[in-house]
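For clarity, chains are labelled A, B, C, D and E in written order, and residue numbers in each chain start from 1.
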Amino acid sequence: MRPFQDSPIARDGKVLILAYDHGLEHGPVDFDPVPETMDPEVVWDIATHDAVSAMAVQKGIAEAYYPSYEDDVNLLAKLNGTSNLWMGEPDSAVNWSVDYAAEVGADAVGFTLYGGSNNEIEMAEEFRDAQEAARDHDLPVVLWSYPRGQGLKNDRKPSTIAYAARQALELGADVAKVKYPGSTEDMEFAVDMAGRTRVVMSGGSKTSDREFLTQVKGAVDAGAVGLAVGRNVWQRENAAAFLDGLEAVIYEEASVEEALDRI
Amino acid sequence: MRPFQDSPIARDGKVLILAYDHGLEHGPVDFDPVPETMDPEVVWDIATHDAVSAMAVQKGIAEAYYPSYEDDVNLLAKLNGTSNLWMGEPDSAVNWSVDYAAEVGADAVGFTLYGGSNNEIEMAEEFRDAQEAARDHDLPVVLWSYPRGQGLKNDRKPSTIAYAARQALELGADVAKVKYPGSTEDMEFAVDMAGRTRVVMSGGSKTSDREFLTQVKGAVDAGAVGLAVGRNVWQRENAAAFLDGLEAVIYEEASVEEALDRI
Amino acid sequence: MRPFQDSPIARDGKVLILAYDHGLEHGPVDFDPVPETMDPEVVWDIATHDAVSAMAVQKGIAEAYYPSYEDDVNLLAKLNGTSNLWMGEPDSAVNWSVDYAAEVGADAVGFTLYGGSNNEIEMAEEFRDAQEAARDHDLPVVLWSYPRGQGLKNDRKPSTIAYAARQALELGADVAKVKYPGSTEDMEFAVDMAGRTRVVMSGGSKTSDREFLTQVKGAVDAGAVGLAVGRNVWQRENAAAFLDGLEAVIYEEASVEEALDRI
Amino acid sequence: MRPFQDSPIARDGKVLILAYDHGLEHGPVDFDPVPETMDPEVVWDIATHDAVSAMAVQKGIAEAYYPSYEDDVNLLAKLNGTSNLWMGEPDSAVNWSVDYAAEVGADAVGFTLYGGSNNEIEMAEEFRDAQEAARDHDLPVVLWSYPRGQGLKNDRKPSTIAYAARQALELGADVAKVKYPGSTEDMEFAVDMAGRTRVVMSGGSKTSDREFLTQVKGAVDAGAVGLAVGRNVWQRENAAAFLDGLEAVIYEEASVEEALDRI
Amino acid sequence: MRPFQDSPIARDGKVLILAYDHGLEHGPVDFDPVPETMDPEVVWDIATHDAVSAMAVQKGIAEAYYPSYEDDVNLLAKLNGTSNLWMGEPDSAVNWSVDYAAEVGADAVGFTLYGGSNNEIEMAEEFRDAQEAARDHDLPVVLWSYPRGQGLKNDRKPSTIAYAARQALELGADVAKVKYPGSTEDMEFAVDMAGRTRVVMSGGSKTSDREFLTQVKGAVDAGAVGLAVGRNVWQRENAAAFLDGLEAVIYEEASVEEALDRI
């Protein structure tokens, strides 16, 4: 573990990760609301906003575009991921080695774990290799900790999300990305369970400005260090303005109302 | 990713890959229309046509014949492939290591991914290894991106083909080989979705001169950089003349009528 | 095998391992009785008690907290483990390589084997790699030897526990951690079966002070070198006092009554 | 691929491989007709016949006997194989690494592929490793190309055997060993399909002198470079004389009648 | 293959292996007849008898006890083995690497193969690695060749045992350990089938002095070089005296009556 304050993906100890791996995970449908976002340049441009402390993408998007943005954006190499063309017990292909991610210029790595899936054990062992390789490169590690699959009926139960946060701590992630459990109190439970591992809220599918900012505020009040968000930013026509609002909530302790005023 | 203009398999930024791995993938039946094409020399000779920017073959065909053609043909090493003697959820054996392909003199590598297959994750991880090894050898990577298998009923749906093109971008291919979705507009969707990854249309089974050239023209108009074609060339008695027509459409912006005149 | 007297996790040839991997294995529910124990610092503080000869944790807990405690606590790196979000034939992910455990400062390594599980053979082979790597680093090896799974109806049968102890010897563990079989005589059987491999009793779920101390006393009288305990210590409000009692039984040959007086 | 004329297992560009891996593949029953053939020395002695250009055996038979015969026999290291005690979808264990085969003195390597089996993909990938390692050692590669298993009802259909010959070419074998499809014309189809990969006929179970020589003659007339044979030689009491007959047909373009006169 | 006369586990070309891996394979129940044999020291002491040319044990028993006996006993490292807590298609975990066995001081290695099991292919490939590593260390290899599992109803059929002996030869074992097929003639069949691989009879479960010696005599008369025995020695109160009898039969060509007089 490295001092989080010094982490290249943190700004004053806070984090706003702009996620853009939806082209792989969900396919073209996620670009329907704002069709130009299918062009990675559009989203990389959004990521140059000062509020964004890192951009999370798959290998190909990094190889092809990061050289044009490396002065303005921090790169979070999302190491695994898979299409939803395939349907089965949740799993994720490791598409990127840590060594090559470092070569491409990654500032951090990200990895998905589906706790509770029949593939949990294999995924955990792949995470072990990635995490230890990341340590060799001195790269912070973010775990997308998403319980899912066989035997899990409701993956938003507060105790499940708290368990997910704990898995991130136990397995050696520096940051746990978890779903918002619905209330500040429940998020606090997850934050406490994560110990010295920092927690960021996962953005999820698009909601209204107020609703989303309220959730983020709830997470921040609960002790989360920030947010990893995709659709709730770039599925908005006014992505930059909305980032102003998120910046206020995450970095400046603004209220939801103050943040809404910024947008 | 490397500058595509400098790619050894491109000619003025355009591509015409002559594919000849059908002996493995489909067996003797594909040589029935023009029996002499079962002899690789016949097809290698066709590949010396100026329109062909690369020939895609399996390892054995390269080892045995490429030394006789290396001055006249660029070699695209098709790394995986399997027979259709076997029937099951789509999969493909990795028959060729990138290191050895480089030793044999490959100018580029090719790899099939069956998105949506139960084997997608394993294939994606094999692709990771191949793609990263190709980067070490500075070889461009072409992904045969063919959604197929469990849960996919119609693999020609425009959104599925666009998804396939996107997978190629996200996973780090320089070129995506996808099926023609049926219209210029739908092909444009795939091309847009592929971002900086170039798209080539996959030839498929043999059709009439006009129909095929119309598809190729449609693909080129949509922004595809060219074509990967096998049967639609070498299952024609007049393969060289037909390549004249394809050359006109792909490299010279000719109309279908102009191209037909050349044949 | 190394001389156990010289083992860094033994004190005068006796052992009290404080286990704290429950956040991974069982999740938040284990912290309900004493909620502050969800904070690893609280349990690391408990582990500074003189009675504790080593603290057993997963990689992430070690990375994040051990640097703060390395002068006061010996680290037992628990190499494998998995969540109970997943349900299936018993298995455990290897979350930590021995090389990296050594780098983090481990004084010993621990590994779970579910004998009788359909995954026994794979787990045994993973143990082989871990055990031999541990020999390279001169680290003692503790086997959590827990028969469980397909075909095992009652994993507390004395002959099953004796078999588990024997597996530890045959496979090359220095210490076998086994369940208490219910009587001193039966524990003696397990201790005898383990030969030169030392046996420690596994604590299990929380019971009364007297009941637990009676079991520990029974194990020690049977020749066990001590105890590996989690919930029976840190699910007590008076953990430190209870450790005084355990210290008396394990290191000072005290009776249960004498030990109860210390608490 | 290496110039076949220079291949250590060819004599004037022709091949007669004496196969003797039946003890593993079929067990004792194959030695019933001539019981002394259970003694490898008896068959090694047969292999010293000038007609035999290589002897194909498993690792153990090579290790134990080849040192006594290395001046008189060329060694073809049969790398995979399995007993028929096991029944299931066709598969074969890789019993011998190429590196060690080279150390034992192999002049060539052999490998079985069951095209159409559920294990085809795994076998093809094992073949890739063996073939590329053989290239490093400059050893010719013979593929026992036997379509078999799930979905294949008749593995002697001419198009199936031609497909098998083609697989050998596509995958990088120097020599394809295929079943005789029943006529010279059908064998020619297989030979043509194999391109620059040479074809040898597989001997199969014992038949009459005339019938077998007629098949061999048919294969040679079709362009096969020879024969790989086991039982049809050493299940004959007059193995040496029968080899005289085979020598005539394979190396001297003799007719069946001329060959029968030699026996 | 190495000259058997020079093998460290042979005495005048004869072999008596004392096997003691029953604690892993069968568990405590095998020690019921003579309870003190659960203590490895008791059996190591038995192994110091001059008749015993090697002691076969798992890694843990070797690590913990062999340093005390290395001047008096030859060590045969039994590399694989598994508990019978697990029930399923026969399989065996590889618990010991050859490199580490050599480091511990092994004079030879042993490996179990269950021919006919669904796991035969995997086991054969694990054996390949072990056998070739043993060659690097110049260690003789003993194969416990036990047909067992799916499709095998009677594993004592003479032809099955002869097949097992042949597998040992074909796969590269120096010594084959097989069950006694019931008569000298049938054992001779197995010995012949093993060629230059030496055969030892497997002791099996305990029988009367006369019955066991008669079997051993039958095996020796059939050409077996000796015996691998566990329970038939150390489940006897008079193990040392019984070894005197075995010594007479194996090394001195004594009759059964003469041997019985020694006991």
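Descriptive notes on the structure:
We take it that contacts are C-beta pairs under 8 Å (C-beta built on N, C-alpha and C of every residue); 3 or more make two chains touch, one makes a residue touch a chain.
Since we're looking at a predicted model, the values are computed, not measured.
The minimum number of touch steps linking subunit C to subunit E comes to 1. Considering every other chain in turn, none proves to be in contact with both subunit D and subunit E.
Common neighbours of subunit B and subunit E, listed by label, are D. Where the sister copies subunit B and subunit D meet, the same residue numbers recur on both sides for under half of the interface positions. Centre-to-centre separation of subunit A and subunit C, using mean CA positions: 36 Å. Separating the CA-averaged centres of subunit C and subunit D is a span of 58 Å. None of the residues of subunit D touches two or more other chains.
Chain contacts in this assembly form a single closed ring in which each chain touches exactly two others. Ring order, beginning with subunit A and continuing to subunit C: A, C, E, D, B. Residues 1, 115-118, 120-122, 124-125, 127-128, 131-132, 135, 147, 150-152, 159-160, 162-163, 166-173, 189, 192-193, 195-197 of subunit D are the ones that touch subunit B when the two sit in their complex. For subunit C in complex with subunit A, the touching residues are 21, 23-24, 27-29, 31, 38-41, 58-61, 63-65, 81-83, 85-88, 91-97, 100.
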